[in-house]
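Next come two complexes, and both contain chain A; in the first it sits with chain B, in the second with chain C.
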Partner chain A sequence: MRLVLDAVRCTRGDFSLCADAEFSSGVHLVTGRIGAGKSMLGSVLAGLIRPDSGQVVLEDCGSRILLMQFPEYQVTGASLSAEAASWGVMGTEPVFSLLGAKTGSQDPFSLSRGELKRLMLACVFAKDPDVLVLDEPYASLDEEAKGILTELIEARRGMTVVFSHESEFAPQTAVTWRMERGGLVRE
Partner chain B sequence: MIEIEDLRHGVLDIPSLGIAPGLTAVSGRNGAGKTTLLKICSGLLLPDSGSVKIDGVEPRMQNAGYVSEFPDRHLLFGIVYDEIASTLRFARLPADEIDRRVRQTAEEAGIVHLLDRECRTLSGGEKMLVGITAAIIDDPVLLVLDEPDSHLDPVTAEEFLAFVSSRKIPYVLWSSHSRTLLSNAEAEVRL
Partner chain C sequence: MSDIRFRLLSLVLLSVLCFADLVGAAAVFCWWLAFGAKTTFARLSWRTVLPVLVVFCLFPSAVLFFTGGDVFYGAKIFVLALLAFWFSASLLPGELMSLFVRVFGQGMGFDLGMTAELSVQALSGVREDLFHMRSALRIKGQRFSPGAVPFLGAGLLVLSLRRSAFSASVLARRGYVSGGTYVPVFSPGAGDVVMLVFAVLLYGVLFF
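Right after this comes the complex of A and B.
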């Protein structure tokens, strides 16, 4: 499994993202200060933004999912169970109880942000795509949930790209990358 | 002093709590009621029962700045400059004073380069910085920040903590899951 960014360039206003990189199976951790272009790179990896120039080459990457930085942007179900169903999962998978993600008739927008984040994480881990891009997955989680998330990330097969500011709980074994003013560097 | 008496609302049940001036961290598990407590203290929510007083005055009668954990929920205007100026414009201050204070506060916050940007094009962390600057500009008695560090890298979070401290706001309530930030607080309320 490989995902290659071949001289990829995306420009939005004054900001340009430039990336020449190869991602393989396993866990990748991308850090960088705010506004460095992390979320834009996440969207490129997930196929949601088409580069202005260069190309994204996929090898054996059948399914790709991006979990956005703001879980509220991605909610489409009117209830917790409908939200799980919208991802094509049952809501009864073990990861739901592991993360303490609730299901049922409650409105997703009545949850706190941390609870909503747990639900969305449970949905994408239950879906288990080949390439999973997680944009700030630790944001809003309490310490217990952060630890569980790291275990889930490390146990995954396929490719997992984590964009995060988290330093205490982030996966220790990941390939690390740093973004700086739109450029991507492997550390 | 912020004085909370017999507060009951949703999952919250606080018989009596006093919060001294300074930076107070609010911690607790997901769903413990942190956001609910912060909304009640800033006057956005009225409690089912019980009372909250900030220096003897109800929150709704005080000048409170509130920054939501959902950054999009507190950005009302299209352009960053207008968002930061909004509190002062609603207070009908003279235009030249508003302009001076917006530029000075943005300078201190390190976000002058964002002033002409459209809010919708900001990154998550930048939205949070703009929201905090807008909440701070009118020197509130109480500043409430609901998990701002969820969207900030550690260096920016530290810089912003220093900026918030420099404004000498009497009460700052800051909810967080970050041990580093919790250790910077002068007091902690754990739910």
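Right after this comes the complex of A and C.
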């Protein structure tokens, strides 16, 4: 499984993203300051933004999912169970109990941001795509949930790209990348 | 260089002319083509402008057509909406603050100006939220549909309230109670004067 960014260039307003990189199976951690272009790179990796030039080459990457930083963006279900169903999962998978994600008839918007984040994480891990892009997955989680999330990331097959400022929680085996002024550098 | 005072005065004059007479509305439309179209589409996409114009124009026209009113009301609203888009697209950060402080002073003017600036900032936040929400629908393999509107609306509301609460807490921690000190700054240019002069000259159409 490979995902290659071949001289990818994206421009939005005054900001330009340039990336020439190759991602393979396993865990990748992308760090960088706010405004460095992490979210834009995440969208490119997930196929949501088409590069202005260059190309994204996929090899054996069937499904790609991006989990956004703010879980409210991704709510489309009237209840917690409907939200799980909207991701194509049952809500009874073991990852739901591991993360303490609730299901049922409750309105998703009645949850706190941390609870909603755990629900969304449970949904995408249950979905288990080939390429999983997580934008600030540790934000809004307590210490215990952060530890569980790291274990889930480590246990995953396929490719997991984690965009986070909280590198201390990320798996030790992760390949580390740094975003700097719109460029991507492997460390 | 642009001065909100000239633009606001032009907006008021043109809005009155537009509503007074259908020929006036046509003249204002020409003014918008000459002075406003470039600014409008430099900041806003036609995908944003067009649906709003269609709804604002067609709905009142249809209602008045069936109720026996002024069927050209929709045309006037169409031109007024174009003016509103132009004015909002031409706003620069801090201009509303300067305007309100100059008109109402450092007490009420400061409060009104800050509220207006925060509102404009919130609108740009909502635009960004909507972009992300549409991407989120694509991630789930769903398309934008009327059924998704309640969830998108609820999401926008929750995110907007969170941002407002954050702004309010920042202001409270900085000791804000009411009023403040702000030095209004305006940068008038020749273009502002030309726009205003033409807005005044357009009133000539009422006498022909």
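Heads up, the rule we're going with is that the second predicted complex is superposed on the first by the 186 of 187 C-alpha atoms of A that agree within 3 Å, B and C clash if a C-alpha of one lies under 4 Å from a C-alpha of the other, contacts with A are read in each partner's own complex, and residues count from 1 in each chain.
Basically, a residue touches a chain if its C-beta (ideal position, glycine included) is under 8 Å from a C-beta of that chain, and two chains touch if they have at least 3 such contacts.
Every value quoted in this text rests on a predicted model; they were computed, and no experiment measured them.
Student: Label the relationship between chain B and chain C on chain A in the superposed model as either fit or clash.
Tutor: Here the two partners, once superposed via chain A, clash with each other.
Student: Would you sort A:87 into first (chain B), second (chain C), both or neither based on which partner it touches?
Tutor: In the superposed model, A:87 contacts chain C only, not chain B.
Student: Using the superposition on chain A described above, determine whether A:126 touches chain B (first), chain C (second), both, or neither.
Tutor: neither
Student: Decide which partner touches more residues of chain A, taking chain B and chain C as the two options.
Tutor: More residues of chain A are touched by B.
Student: With both complexes superposed on chain A, which partner does A:48 reach: first (chain B), second (chain C), both or neither?
Tutor: Second partner only, chain C.
Student: Applying the document's definition of touch, where does A:72 land relative to chain B and chain C: first, second, both, or neither?
Tutor: A:72 sits against chain B and chain C alike.
Student: In the superposed arrangement, which partner chain does A:141 touch: chain B (first), chain C (second), both, or neither?
Tutor: Once the two structures are laid over each other on A, A:141 reaches chain B alone.
Student: Mind sorting out which residues of chain A both chain B and chain C touch, each in its own complex?
Tutor: Looking at chain A, the two contact sets intersect at 70, 72, 113.
Student: In the complex, go through chain A and note every residue touching chain B.
Tutor: For chain A paired with chain B, touching residues are 12-13, 31-35, 38-39, 69-70, 72, 100, 111-115, 117-118, 136, 139-146, 165, 167-168.
Student: Could you pull out which chain A residues touch chain C in their complex?
Tutor: Those in contact with chain C are residues 43, 46, 48, 65-66, 68, 70, 72-78, 86-87, 109, 113.
Student: For the complex, give me every residue of chain C touching chain A.
Tutor: Touch residues, chain C against chain A: 129, 132-133, 135-140, 142, 148, 150-151, 154-155, 158-159, 162.
Student: Given the complex with chain A, which residues does chain B contribute to the contact?
Tutor: That would be residues 28-31, 34-35, 69-72, 117, 121-126, 129, 147, 150-156, 177-179 of chain B.
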